[in-house]
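The structure is given below, and queries will be raised subsequently.
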Amino acid sequence: MTASTAPGSAPTAPSATDVVLEAVGLTKHFPIRRRLRTLFTKQRAVHAVEQVDLVLRKGRVTAMVGESGSGKSTVARLLAQLVKQTDGKILLHGDVVHATGGRRFRAYCRRVQMVFQDPFASLNPIHTVRYHLTRALKIHHSEATAEELLTRVSLTPPERFLSKFPHELSGGQRQRVAIARALAAGPEALLADEPVSMLDVSIRLGVLNLLRDLRDRLNLAILYITHDIASARYFADEVLVMYAGQVVEGGGGEAVTQHAAHPYTRLLIASAPDPDRIAGAESEVEEVGGGEPPSLIDPPSGCRFHPRCPHAMARCETDAPPRLTVESNGDGPHWAACWLYDANTVEAAR
Amino acid sequence: MALPTAEVMTAVPPAAPTPTRKRRRPRFLGNRKARIGMVLFGFFVLLAIFGPMLAPYDPGERGDQLLASPNGDHWFGTTHLGQDLFSQMLDGSRSVMLVGLIAGVVATVLGVLIGVTSGYLSGLGSESLSALSNVFLVIPALPLILIITLSLPDTNDMTIALVIGCTSWAWGARVLRAQTLSLRRRDYVEAARATGESTWRIIGFEILPNLTAVIAASFIGTVIFAVLSEITLAFIGVPGVSEWNWGAILFWAQSQQALAQGAWWWFVPPGLAIALLGTGLALLNFGIDEYVNPRLRSSAGTKVRGVKMRVGFTPVLSGKGDST
Amino acid sequence: MGYLLRRIGFYAFTAWAAITINFFLPRLIPGDPVQALIARSRGQLDANAIQSLYILFGLDTDTGIVEQYFDYIGQLFRGDLGLSFTFFPTPVSEVLSDSLPWTLGLVGITTVISFLLGTFMGVLAGWWRGSWADMLMPVTTFLSSIPYFWLGLIAITLLADAGGAFPSSGGYDPGVVPSWDMDFVWSAVYHSLLPAITILISSMSGWVLSMRNMMLTVSSEDYITVAHAKGLSERRVMIGYAARNALLPNVSGFALSLGLIVGGTLLVEIVFSYPGVGFQLFQAVGAKDYPLVQGIFLIITLSVLVANLFADLIYLLLDPRTRKEG
Amino acid sequence: MSDPVLEIRNLDVNYGLGDEAVHAVRDVSLTLHRGEVLGLAGESGSGKSTLAYGMLRLLPPPGVITGGQVLYHPRDGEPLDLMTLSTANLRRFRWSEISIVFQGAMNSLNPVHTIAAQLCDVIAAHEPRTSRAAQRARAKDLLKLVGINADRLNSYPHQLSGGMRQRVMIAMALALEPRVVVMDEPTTALDVVMQRQILAQLVELRERIGFSVLFITHDLSLLVEFSDRIAIMYGGRIVESAPAQDLYRESLHPYSDGLLHSFPALRGPRRELTGIPGSPPDLRAMPSGCAFHPRCPKAFEPCADRSPVLAAPPGTSSATDNRTVACWLHAVERVNT
Amino acid sequence: ACGDGQTGSGGNSGGVLNIGMPNGPQTENHNPFLPSSSSNSLGYRWALYEPLVMTNQVKPDEEGKPWLATEWTWSDNFRKLELTIRDNATWSDGKPVTGADIAYTFTLLKSTPALNINAIPYSDATADGNKVTVTFTSSQFVNQMDILTQTPMVPEHVWSKLADPATDTVKDPVGSGPYTLKSFTPQTVTLTVRDKGYWQDLPQVKELRYTSYNDNNAQTTALANGSSEWAFTFISNYKAVYVNKDPEHHKLWFPPVLAAHGLFLNTELKPFDDPVLRRAMNMVINRNDVFMQGEAGYFYPEIKNITGIPTPAGDSFLADEYKGKEFEVDVKGAKQLLTDNGYTYSGDALMDKTGKPVKLTMSNPAGWSDYITTLEILKDNFSDLGIAATVDKANQDTWTTNVDTGQFEAAMHWTNNGATPYDLYQSIMDGALYKPQGTAGVNGNWGRFRNAEATEALHQYANAADDTVRKEAMDELQKIYVEQAPVLITGAANAGGEYSTKNWVGWPDEDNQYAPAQPTQPNALDIILHLKPAS
């Protein structure tokens, strides 16, 4: 087998024109407020997102999984231009965007919309559904009506919902309203930050299915952020795994979940509850390690996972691994940022 | 000054208005305290509007009955000049309410402007506004007001109201800032931004309406403070306060040694009126507080049929208890 | 440590702001102390005296306001607050050293007692709600709505004047000479009782209410339920878990509202003719004695700041979360 | 299964009194056996927490228990009814016999006391004669038990990570070696990785110490993996209860079935998932009959009118199969008629 | 009051006299010259320091009692004063009082204008043994009392050591009076009687205790319960509040002195520039109401004589034609006077000669309750005449400035005080004091009254070489006042006090008018020397 470093940017894709949104070397550091004592020391920062590359394509769902604090939401916010990146570029249809405010931001958010995690919090409790939708429509000069939007997210009959307040809706219905609002702008890319994690198990599926349906009907590019790797498998065409602000593995949904390459992904999968697992298969977990995620203020050198990694090598502590292509099972390109997939290591393992 | 009461309570960011609660006005007035407060407050508002017209005498007019105790002619008795105290009380209510309300409005507007701005903005501007309000908090208010009013070349009800308003916005600003800080992190604010709403619209339409209860509470708190301050100023003889302001009545009573003369009727009505007005406003504020933070609701509503609610030991209703 | 440093920085800033306000405000007062003195004496002072008074107070010379400002700041650093006009040529600092102890004694101690007592009652009222404690609410509300001075006047009438048990004015018996002997201390304590009770009654209720509300809020925290579930004794849960946590916001509220409280309580001194700075302030303002006004305002503000700092320190001790920052 | 430690009989819990009362738990009976992990699942608002707190009488106002019994079987002696226990006795009983771990450990730990103080608190309250040194030693052992270094003893809760705090809570729950530990969503606030670590530890501890667990969660997949038996709640009632694997393999109630088909599997074929249509019921306006009938794909005529009772489905015996269900589809009555 | 009663009763046995003033906390300064010093504010300066002569202010025309000076002679048309100093007086530190000390005191005042509170134009002071000669740059006829009775004498050997007598606080007073300082607290100053060296019999009051109460109310309470035995304060309804608490012992006596309070009309404003209108207004004022209601029936004594001169203090100055002529309320007469002089009525409202309604705004600071009450009464009285008067309660500072610069229509004000009615009249009609409207710094004549004859008469009175000229000038002044009514005088100033005869007797009163009963006047020393324990 030949293993080679994969180029950082878009893996060979169906067609370059399908790319809606692209991030190159996206980095975000949140500066920590200085105290008197640290006034003269170097400014420290939370390295929330570090050198993230990703591509969203028309009609495809890209899932991003990772544990809490790994920077998933920050990526979504960066992509929505709600926070300004420290470094890196965001390209919309190949053009670099600088949309920090004003008209340009409006123009940008017309094409890239975001759905938030908590439907209970993302709708203003004092406004009706109608207000939420018509505002969005007005801002983006859309001809569509609120009724159409509601129909599109399967809240029918729309009249029944229009004059309701958020608290009068169930969680799933609220999330649908939030999605409808995002659709009001007629976006090409939808950034969904854990859209179902606050919802009840029984209604999660409805929202996910709706998103999938929208992807198919409106040909949306969707970034689906989740910490539930099983739902990523269910829903996404492509899965990215984030760890401590970096993307450590990426590839087709099945490839990543069924043949996880990066030790972190394996840990994640082993930890996920799985009724099919025969009780007593705990050894699996033992094998993939444990521990806690690292501090993002002083992230570990080299591979950020190495302190927890059962396979850590000397090299992992010093050098950050690049994206390395993993033996593919045909389901699109599959890569991992792990020295285990370095040609030499693989060779040595042989 | 009874102010801290209401404000210390709200200084602790009250549980944010949970989206699931109904936000209709009747709910708020369903609270008994709020209702009593509303009635008292309403009474004084009506008094302020119609009181001066209803006054049976000209409050300054001298009569024949000097220092008479309450009687048929003079319901609240008379002063040393034979002036009718009832008319003075009625006449004074307008100035008291006017100054209180104007000061409340001024302070609330300032508090909202400063509090919400410093809460919504970040960085130096926010910090300095917050520092400013803290400075105003720490500097003893009453002496400051006293000095300012005495420094003004010409004072009247309006200037006094303005001075009180301009010096007492800090509590409101502080509470509002805390609230805004927490609201700013709410997803719906972020969502509105992601939808493309402009900043002022976010502040005006997404954040402010959610602060209504807090604003109302701070308004009422300031009104209480303003009324007490104004009356205090009038009592110690700061000029410019309307002639028959309740504090001024007390000033006269005090300077004529009414209590030593046994003229209790000169002292008691203004004091009681102030206390009742203050109580009414405070109750109104409780109502708002309880509305904002349902945990504060007293157990009045739940303590029926002798069941005593107690944290940590859920009551077991007998009767049905043993049936299976 | 960081927390404390930040607070101290803030206090320094506030002190500066207060000093500046303090400097400028009285300069804006129209009229001058000589006129005020003459007006105040209403014919008891000969009109011929005017010029000699101007000379006396050194008001016949003019200096620029900026220059005055820096002079003033310079003087402050030397601890020189200028000479009082009403007590000319007594230095303001001497007037203050005569009156400040009374205020600190009366207002300071009663404010602290009021806070402690009010907090304690608030703990009980919050914990045993649905019982007698609920009766406390309306009474408390009413009491806290009464202006201090009115309550004081009523108290004087009922308890002092009509052959009552309490003295109605002064800080001690006229015949007693201040010293640390029993006579004087007893006399001072005795004379402070009525004003102290007045302050207590009308300021304590605020603390009762806020503490009660905090207790109610805290009572529904999970850790209280856990504490109950742990089978801890009622007292332990109430004090160690509920009150201990409810106290935190109350302490910071205490710090912040000190300014209000102290401002209000000064009025009690006026009503009770108590020889403290409140009364002095009142008189000084009336007499345009702006060195004295400035001195008093400054000293009140600084006292409040120091008290705030103490409250902050206590908060620091009470809340481990702020301690972490050090 | 072996002998029961805790028997809930016809428990009714309301929020509020009078006409406005919300019936959050209705006529629930449940038995917890010695050493078993009993999972309680159901969607949000179905009354899981209410049941757990209610049986310990820990519900905050306006919660009231309006009926039923909660029998605890001590190691020796007669069963106790928690509902009739005096305050003092209840206090003594709590934690030494039944302890509880809440969802958010940050909120369960008193932020102003060190964890040592809080651990010692429990010991001091129930074993007042223990010396301070002994208490601290015990606290140290407890921390070790859950894999936390003893030098963390003097930390304040905010100085610990979420996972550590939850472990401290578990350590505290085991401090008096109770026979029953109630866990209300103890891991939902945690990451999957942390969740698994803690659960693994719990399983291990249970094997060592031998207590029973009432495990509440809405994550059915987790329950299937971890618990011995699962009870499903819907609208304040238990609608089905069965051994975990049986339930997973063949759920009888349409609601359980829907739940099981709501979460995607990590392994195996990618099956199409359906979820459950509609939304959870409003406790103030419960549907008549079977509360689930408006959402039930298999509803038929009796469902709307009459509530089904929880009973062993036909063809099984509660003694051997340990399963019950409340559904007209599986009602003996219906089979008979 | 705790122990107050005891203190009071203990006063008899212990020889203590409790004196009170409502002046607020004091700071220690026993400088007798500064009005702001505690010794001045509470009045005990006269127990420590003594004047040259003791004059009874109630009867200013009576010859003064020799005090530190045994003889005093004016010459050179009151520009030269020759004194003979008593030779048996000593300072409280034992040193004798010498002529040099007296000359030093006058030199001190001359060289320290800040202490020369009466602005006396000293020229020179020299001593020769116990003879002292003081010269002045102008005639001091009208100031003679100020110089002789109002100037406390201080020892040279102490005062010459002060760096700046105006700003050094005097904490260790040395005077020639019968008392020495025992203790000072901001609230109470205690003086004890000297054991030896006083030039006359020592007073029977062994200890003077001056207590400063914070306000009138506190002072009144103290008087009522007996803890103050002597005070000067305004008590509204004094009968109920004070006298009736112990009618046998609680007394007060407020004799008028030669100064007045009255409504100053801005005589430069129309229509109040018309003497007719002013006179008519003067005719409708109910001075008894003012006295009874505004001044509680005792405080500022009622002025009866139409010259505005308080009686009996001014009896000897009254012109023959006005003796016995008293103010009377005469609305009818006043209306007649007006209509005779071109005024008309429209309904009840008075119209001036140009046909405009007569309106008047009277202002005074809000806090001055007696003045405000007086204004309320005047408002009523004027409305009888058809004048629409309003009372404006002003800010004290604004008011002071407005009065100073003449920006007012009418205001209650006081006049200066003196040994003759000269000061009174000077304050209300001296054209030499006139400042045009808008100019500040007036020392009198606040109503901007200009009348050359009046100015001339005042000048004559002050500088006349003989008494007939003076008498003529005084008669002229009274005539001008009666005809022009430049100020509507409502009451006299007082020099009175409240006192209790419970422990001490010998107080001055209506029957024994040997001194005004005010504890802050020089006469207070005389009173103290008169007191005897009540049996």
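The chains carry the letters A, B, C, D and E, assigned in the order they are written, with residues numbered from 1 in each.
The working rule: contacts are C-beta pairs under 8 Å (C-beta built on N, C-alpha and C of every residue); 3 or more make two chains touch, one makes a residue touch a chain.
The structure presented is a predicted model; accordingly, all values stated were derived computationally and were not measured.
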Via touching chains, chain D connects to chain E in a minimum step count of 2
The chain pair with the larger count of contacting C-beta pairs, comparing C-D against B-E, is C-D
Distance between chain centroids, defined by C-alpha means - chain B, chain C (Å)
22
Mean-CA-position distance for chain D and chain B (Å)
47
Centroid distance [mean C-alpha coordinates] between chain C and chain A, Å:
57
For chain D, which residues are shared contacts with two or more other chains?
53, 58, 60, 90
Could you tell me which residues belong to chain C and also touch two or more other chains?
29-30, 161, 219-220, 225, 227-228, 270, 286
Partner chain C, residues of chain B touching it in the complex:
1-9, 11-12, 14-15, 131, 134-135, 137-144, 146-148, 150-151, 153, 174, 224-225, 228, 231-232, 235-236, 250, 254, 259-260, 264, 267, 270-271, 274-279, 281-283, 286, 289, 293, 295-296, 298-300, 302-303, 308-313
List of chain B residues in touch with chain A within their complex:
17-23, 186-188, 190-197, 205-206, 209-210
Can you list the chain A residues touching chain B in their complex?
80, 82, 105-106, 109-110, 113-114, 116-118, 120-127, 135-136, 139-140, 165-167, 178, 181-182, 184-185
Touching residues on chain D, where the partner in the complex is chain C:
53, 56, 58, 60, 90-96, 99-100, 102, 104, 107-114, 121-122, 125-126, 156, 158-159, 172
Of chain C, residues touching chain B in the complex:
10-11, 13-14, 17-18, 21, 25-26, 28-30, 127, 129-131, 134, 137-138, 141-142, 144-150, 153-154, 156-157, 161, 202-203, 205-207, 209-210, 213-214, 216-217, 219-220, 224-225, 227-228, 237, 249-250, 252-254, 256-264, 266-267, 270, 281-282, 285-286, 293, 296-297, 300-301, 304-305, 308
